[in-house]
Amino acid sequence: MNAIEIKQLQRIFKTHTGVIKRTAREVRAVEDVSLEIQEGELFGLLGPNGAGKTTTVKMLATLLIPSAGSASVKGFDVVKQADEVRRRIGFIFGGERGLYWRLTGIDNLRYFASLYGIDPDVSKKRIPYLLEMVGLKGRGDEFVGGYSRGMKQRLHVARTLLHDPDVLFLDEPTIGLDPVGARDFRQVILDLQSEKKSILLTTHYMFEADALCDRIAVIDHGRIIALDTPGGLKQHVADLSVVEVETFGASEAIIGGLRALPFVDALSVEETEKHQLLLVQTKRGAEAVPDILAALDGQRLGRVIVREPTLEDAYIRLVGGAV
Amino acid sequence: MNARLLLKYWRTILVVAEMTIRQQLMDGFIIFTVLFQPIIIALLALWMLKGKGPEYAIFVVVGSGLTGLWSSLLFISGNSINAERWSGTLESLVALPTPFEVIVFGKNLANVIQSLSSMVLGYFVAAFLFGYDLTISQPLYFALSIFISIFAFISFGLIIAPVFVMNPGVRHWQNAMEFPVYLLCGFLFPIALLPGWTTPISYLLPPYWAAVALHGTTTPGTPPNEIFFAWGMMFVFSVIDLLIASRLFKLMLYKARADATLGME
Amino acid sequence: MRIFTNNLRLFWDGTLLSYRALFHWLRPAQYVASKVFMPLAQMFFFVFLGTFATSAANAGFYIIGNAIQITAVSGIFGVTMSVGGERETGTLPYLFGTPANRLVTFFGRAFMHVLDGMLGVVIAFGWGVILLGLDLSHTNLAALGLTIAVTTLSTCGLGLLMGCLSLITVNVMFVNNFVYFLLLIFSGANVPLADLPNWMQVVSYALPLTRGIAAARSLVAGAPLADVAPLLWAELGVGLVYGLIGYFLFSWFEFEAKRRGTLEVF
């Protein structure tokens, strides 16, 4: 049996704008998603903002009712058998909210343990165990309001493991964490996988998905546009090289001209305060460098690097360089 | 529903109530509503009713305590679901095997118990600050009345919260709903003073029957039948409230999942 | 002259903008609910409680007291929120960054609430006459209007001070509610001042509302304006003192905040 099965899932939001002249607008957050996630699999869902990742997760977590299609978790339908699903799942949405800041860490866990109907004798042992597992040992008696962002996020993990769910939904769990906090947190995710949990992870960070996930689906405009192992996705760009060029204040016209060159397969721009980083995907590898530089003639340039493609480059190619 | 499940829910309710009280101990608005406002009303009423004689002191203690009960039910229980939404915990609470009504029941229990403390404080104010000799004429019936009133208030609160969640417009009237209930329920003066057409409205409000029972058991000379009748009315209203509430909760949760209003984005 | 018109414009813009910006959530229905209906229900409650405590003959005493008291809804809650609300919206640093005349800006905050408060009291008197049988036939209505205006002004003075305090206290609503309910006791709206212990009477006379309520009661009973003029002057003086303390506190906050670099704290 698959841990999660999704068939042609769709979700439409109706939003109203305007106070006097109200106009209804339909937003198709999830257009058509079909997926199967196996038992014990760590599955990644990638996509740009607004692609439909969170909406998909919320439908699976019984928090949203699909507009069309169906989904089941451990064989139970997420609409008709919501209670059965709820006993078997845990979820975390990134960010600091969702905990009681005026209670201590232990009290938060005690509270949710009782809501999951866990016997007090059991939770008495389980809470210290979970606190230790997520690295909050000794901090459980402090008020959550005083926790750092990373600590809150780890408390979320402990909370969601109270009832020992088989399936976990982690929606951008490392968002807003500092690099060390994010690294520690990824270790927690790997620990969960080694406990044979089925995990659906959504994230913005490609290296995170590359390092953690067994398989990855890339979702854009509410549809799955690629589904493969990280290695398989990288095959999409295996024939390509990436030329990174640092520029300072290159105009839209110049970049557009570069993009239009026949040997450029995809081009994305990362803007920082001081400079732009142009990522040019090309089959010609290092040979393309003189032509690229020629197209940028007259611009102030920084370093130029030719490298092998990463998962991120595969992703950029899939969603059309619009990062 | 079997006994084991009920016992399990009861344990959950107690933990929810405990955690709710712990959180609210530090909230200024809640402390004001639960403690300060009823005490200020008690002080005012004790001065105002001075001329009526010392036997009215216990009437004021009970009545001002009831104002506190209603205000906390209206403001704190009324906002309890929205408060979870604002703190981002609503989604975790809904996606649980425990019915959401059970959780809100526990929160209401905390609020009602909490605001009963103002009645106790009012008792001390009247006894020590004003030097009144306070006696409860029928202590056993009074204790029973308190118990039944708690239940009636909680059940009534289970209707208010989902109504406020589903109709944001009604919530704007929250401030305006505080004093009319003080007026209509005879907390601090008999409803006979009000125009006759308001009497049926009073009869429809569970807090009115709580006031009849609690005033009746503290004031000497109330016939037992009157008290029993008030108990009966509270019981009937509680059953009706619970039935309506279970419908409202189903509707509310379905609507929230269909319209995507559980989170706060 | 330029400066004068400039400041006049500043006063108006500040008044309207602050009122609109901070109360944009206030829809008409909500306005009626929280500014008209709520105070009226409260007034009715205390009038019935008062007549139950004494006799129906005393209704006028409670109607007048509680009608005037309604000005505190705007004067305390409204004014406090329009000063203290700056902290919640995080606009205080920007306000302190402008060259605007602080005195004008500060008192501009209260202006709309003065009008609002007066309207509330007039409506309350109206209901008192229509529903509760208040008799205004012996009353110098112009003098009563003046009393309402003066009392509202002085209450807003206290509101300005509370608003400043709300910039440093943690829980604005707690302080507001507390002051509002304390006024219900101390102002003499419901308890004759003579019934209060001596020390409380001293406090009463240091607060706004007290003299305004006393003046309104005399006027309704048929007294001429000249009789209550001293009360009104004193009422105005009390309000001015609170308003000025509030203003100096406000200036001091600004100075301290800039000196210590703690603007974000506010």
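A, B and C are the chain letters, set down in written order, and residue numbers restart from 1 in every chain.
What we mean here is this: a residue touches a chain if its C-beta (ideal position, glycine included) is under 8 Å from a C-beta of that chain, and two chains touch if they have at least 3 such contacts.
What you see is a predicted model, and the numbers here were worked out from it, not measured in a lab.
Colleague: Treating chain B as absent, figure out whether the rest stays one piece or breaks into groups, and list them.
Modeller: Leaving out chain B in thought, the network of contacts falls apart into A | C.
Colleague: Relative to the centroid of every protein C-alpha atom displayed, which chain's own C-alpha centroid is closest?
Modeller: Per-chain C-alpha centroids compared to the overall one single out B.
Colleague: From the C-alpha centres, identify the chain that is farthest from chain C.
Modeller: A
Colleague: State, to the nearest whole Å, the distance from the C-alpha centre of chain B to the C-alpha centre of chain C.
Modeller: Spacing between the chain centres: roughly 31 Å.
Colleague: Using mean CA coordinates as chain centres, what's the gap between chain A and chain C in Å?
Modeller: Each chain reduced to its C-alpha mean, chain A and chain C end up 53 Å apart.
Colleague: How big is the gap, in whole Å, between where the Cα atoms of chain A centre and where those of chain B centre?
Modeller: 45
Colleague: Touching chain B in the complex: which residues of chain C?
Modeller: 27, 29-30, 33-34, 37-38, 41-42, 44-46, 48-54, 170-171, 173-174, 177-178, 181-182, 184-185, 190-191, 195-196
Colleague: Touching residues of chain B toward chain A in the complex: what are they?
Modeller: 8, 11-12, 15-16, 19, 22-23, 26-27, 87-89, 91-98, 103, 254, 257-258, 260, 262-264
Colleague: Report the residues of chain B in contact with chain C in the complex, numbered from low to high.
Modeller: Within the complex, chain B touches chain C at residues 28-29, 31-32, 36-37, 40-41, 43-45, 47-52, 169, 172-173, 175-176, 178-180, 182-183, 188-190, 193-194.
Colleague: Residues of chain A touching chain B in their complex?
Modeller: 13, 58, 61-65, 83, 86-87, 89, 91, 93, 95, 97-103, 107, 110-112, 114-117, 120, 159
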